[in-house]
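One chain, chain A, appears in both complexes that follow, with chain B as partner in the first and chain C in the second.
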Partner chain A sequence: MQYQSQMVAKPYFIAAIGLFIGQIIFGLIMGWQYVVGDFLFPEIPFNVARMVHTNLLIVWLLFGFMGASYYLVPEESETELYSPKLALALFWIFLVAGALTIVGYLAVPYATLAQVTGNELLPTMGREFLEQPTITKIGIVIVALGFLFNIAMTVLKGRKTTVSLVLLIGLTGLALLFLFSFYNPHNLVLDKMFWWYVVHLWVEGVWELILGAILAFVLIKTTGVDREVIEKWLYVIIAMTLITGILGTGHHFYWIGTPEYWQIIGSVFSALEPIPFFMMTVFAFNMVNQRRREHPNKAAVLWALGTAVMAFLGAGVWGFLHTLSPVNYYTHGSQITAAHGHMAFYGAYVMIVLTIISYAMPMMRGRAAANSEKAQVMEMWSFWLMTVAMVFITLFLTAAGILQIYMQRMGGDAAQPFMVVQENIALFYWLREGAGFVFLTGLILYVVSFFVGGEERKETA
Partner chain B sequence: MSGAFTKTMARNIFYGGSAFFIFIFIALTFDTVGALPERDHRENINEQVILGKRVWENNNCVGCHTLMGEGAYFAPELANVYNRFGNSKEAIIGFIKSRPVDGIPGRRSMPQFNLSDEELEGVAEFLKWTSEVDDANWPPNIQG
Partner chain C sequence: MSTPDPNNDKRLAVMAEMLYLCNLLLLPGIAFIWLLLLNIRRSSVASPLALCHLRQTLAASIWAGVLLIPITALSILMGGYQSVTGWTVAILYFTVCHASLVLLGVVGLAKAMAGLSWRYPLIGPVCGTRP
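What follows is the complex of A and B.
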């Protein structure tokens, strides 16, 4: 670690991992409710568990992105962070606001939460992933602005690299697009349309810039490949991301009341969205093959390669699977969507945050470059357990989805009602829940690996 | 990627390509917003529909159900529930009202939200209005 102020990333990463654990626990609760319908009813109804599951994911990924920025921007800019104190203050504000929101979800009925937080003044609640009370949303904007200011000032006073510039563009886009969450018209069609300006343009737009920048940073550090080469790749990848991803938004505009021309635009452009992910895979493996050093942190390199592969599979392949409008007509809003969502979020965003944590954490904990052999082996076991478990979760949900579509949406008069079909495919939900417990085992191992000591592993080449 | 293809060229593709597609996207946004009144029947959005949407949001209905395919996949699609229930608002109201407080042993059950008559009427109107939006003939059949 070259700059003292990079240390502020540490609490961000610790909070991220803590919330990640919470997310998985609620995921398992939901998975159980899928097969034992009255589990925890009416104390924690499914909608509450889901809200906690998805909101924790979003918040811990944001913690991860912010931690990553605080860690890598000083190093890229070759200067101390503009204000470590501001970074620390925002950390506590964000953590307390996030915790209070989650407690609110669990402690009182959602309608009460809406009432208590004054949702009537500026109604923004009750929309998927944007369930946060309006005051929490305002808090998120304030934290995001303070964070952006801090990062931008650091970049401005130091060396300007492509990595930090791309990261900054991604983060700025993230903050600006979130403002659409405050637009909630009475007209459901307009509401749905602009809701995607947050959700799609985040995860299939600007978040990919953040992902690309973090991946490029870790590859520069661990492979020793010339920065010029890596940054050229980064530009090409993010160019393809936005060229395909912006109009790719159209794949959400097939069946929500928007004009039919989106079926053509959305199909064509979103069919191209796997390209940047494929390039990312080629990029990551090429750079590691051309490495000029043997970085002692094998686990971080594994996470980086894993990110590239799993993002391509989850976002690229599983996205393509149901993105063409004639296919999507049948798959829309089925378990296929859930399958894609799980692997895409894990592969692209969970894994990139775990990559930067794996790379940065040993140094923030006082080691020269990497953990002991023993700790790394355990971390790599956790990598494989979580990743393989996620592959199986995705496969089981895909199987459930195919059966659901066949029974519920095809077969003419023989088509069966939703709830009947759910019982017919329960076997696959049980299998998914089993894979979920394997995932939890991997996660526990991941946390334990931080407490494994031993002699630090040194550079070998 | 080496030789004649430089980082500057890559950067220019990024900025040029992004700017171009952002521009197209904004233009299409305006075109779509202009075309929506023909499809969403906004003239039918009355006070009840507005109240219904608020009740829908304030009880986080989208946390279990899909509406036009968006939401959670735990409970049935509701964009066509008005049609599935025989074009009957009363059937929708009756269903929501009759949910047992303690659920149904071993099975999924919708919570009892204790909605007022006015709120129930609003939700039913909101779901009826939603069923009438021109959504390119989705879902594929009545089962949603």
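What follows is the complex of A and C.
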């Protein structure tokens, strides 16, 4: 590790993994509730489990992005972090605020939480993924601004590279777009429209810039390919991301009451959205094929390649599957969306955070470059278990989605009610739950791999 | 006597992989005919690297046609247009099969760009033999 201040990334990564475990446990609880409706009722109702599952995902990914930034920016800028103390203070603020919010979700009814936290003063609660109390949202903004200040000051005082600048643009976009969560118009159409400014422009916009920057950093370090080559790829990828992603937001505007021209704009631009993911896959494989060194951390390279492939499949292929408006007319809000959401989040964002953790953690724990062979083998097992499990989760949900659409939306007068259809597709929910337990096994192995000792693997070329 | 230009060979290999992907993603049929013509015209003068990619992509494209069109059509026709099972199997099969073939093409393209040979698993002939 080149700079001492990079160590502040460690608590962020540990918190991220801890919250990831929580997310998966709540995912399994929900999966069970899909087939056994009163499981853990009234202690953890389905809507609460879902809220905790999705909110934990967002929070732990943010911890991961922050940790990644604190690790890679000093190295890219060739200088110590502007303020490691601020980074640690923000870590504790974010962790405590996040934990209190989750406890709030679980301990009191949501309406009471809204009342206790003074939601009526500035109403922002009650919207999917943005359920956090207003006071928590304000906390997130403070943490994000402090974090951005720290990273920007570090970049400004040191070397400016394409990787750090793309990362900074992505992080700035992340912070700015979150501000739309404070705008809560009474008009439901406007409400939904601006809600997508946060949700879509995060995951299909600025988060992709963060993904590209982290992936480029890991590939520069592990392959030894010239920085210039990797940076050129990065430019093209982020350009395509923004060209397709911004107007691609239109695929969320088909059925919320916006003008009809969004059917065309949304269909055309979102049909192009797989392109940056396709390019990312070619990029990752190309860099690994042209590598000039054999980095001892094989697990990190595997995660990097896996990120590109799974992001292409989950975000690209499964996104395209239901993005054209004539198709989306039938598929929106069905299990097809859930299938896409699971694989896209796992492929694009979960895996990139695990990639940087896999790359950085051995060095932060005192190794020269990589864990022992034994630890890496276990980590690679965890990679395959989680990835294969996610593929099956996606396939089972896709099958459930096709059946759901057919029975619920295509039958004309014979169309069946929602809950009847849910009973009919329960088999796929059981299968998905089984795959979920395999995923949890992979995650446990991932955590255990950090505690496997042995002699460090050395560079071979 | 002129020596073969390695850049030209790499370009030909990349071209073959791109046409394979184009056939799957953008111009089905047209890109295949283009790839076929490229094979006919350039196979006799291509280097082992370019020849390997030309042969691989031609064989993989033929397999892609066989795997994607008749089997998908059969699963719909056997189940009937009104059968939910037929559609479920057909959509899942097509999506998984098509995405896998594209991913193999991506790996092939990356190999060609790096000047390395590549054999499509299961569907690609051994390099140096006829497809």
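Definition applied: the second predicted complex is superposed on the first by the 461 of 461 C-alpha atoms of A that agree within 3 Å, B and C clash if a C-alpha of one lies under 4 Å from a C-alpha of the other, contacts with A are read in each partner's own complex, and residues count from 1 in each chain.
Assume a contact is a pair of C-beta atoms (placed from the backbone, for glycine too) under 8 Å apart; a residue touches a chain by one contact, two chains touch by 3 or more.
Source: prediction; values computed, not measured.
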{"item": "Touching partner for A:141 - first (chain B), second (chain C), both, neither", "value": "neither"}
{"item": "First (chain B), second (chain C), both or neither touched by A:285", "value": "second"}
{"item": "Chain B versus chain C as contact partner of A:86, first or second or both or neither", "value": "neither"}
{"item": "First (chain B), second (chain C), both or neither touched by A:309", "value": "second"}
{"item": "Contacts of A:452 with chain B and chain C, given as first, second, both or neither", "value": "neither"}
{"item": "Which partner reaches more residues of chain A (counting touched residues only), chain B or chain C", "value": "B"}
{"item": "Touched partner set for A:175, first chain B, second chain C, both or neither", "value": "neither"}
{"item": "Which of chain B and chain C A:25 touches, first, second, both or neither", "value": "neither"}
{"item": "Of chain A, residues touching chain B in the complex", "value": "30, 33-34, 36-38, 41-42, 45-48, 50-51, 110-111, 114-115, 119, 123, 125-128, 131, 162, 184, 186-193, 228-229, 231-233, 235-236, 238-239, 242-243, 246-247, 249, 253-260, 262-263, 265, 329-330, 332-335, 337-338, 408-410, 412, 415-419, 422"}
{"item": "Partner chain A, residues of chain C touching it in the complex", "value": "84, 87-88, 91-92, 95-96, 99, 102-103, 106-107, 109-111, 113-114, 116"}
{"item": "List of chain B residues in touch with chain A within their complex", "value": "1-2, 5-7, 10-11, 13-14, 17-18, 21-22, 24-25, 28, 31-33, 35-36, 39-40, 42, 45, 49-50, 53-54, 56-64, 66-77, 101-109, 111-113, 126, 129-130, 133-136, 138-144"}
{"item": "Residue numbers on chain A that touch chain C, as the complex places them", "value": "278, 281-282, 285-286, 288-290, 309, 312-313, 317-318, 321, 395, 398-399, 402-403, 406-407"}
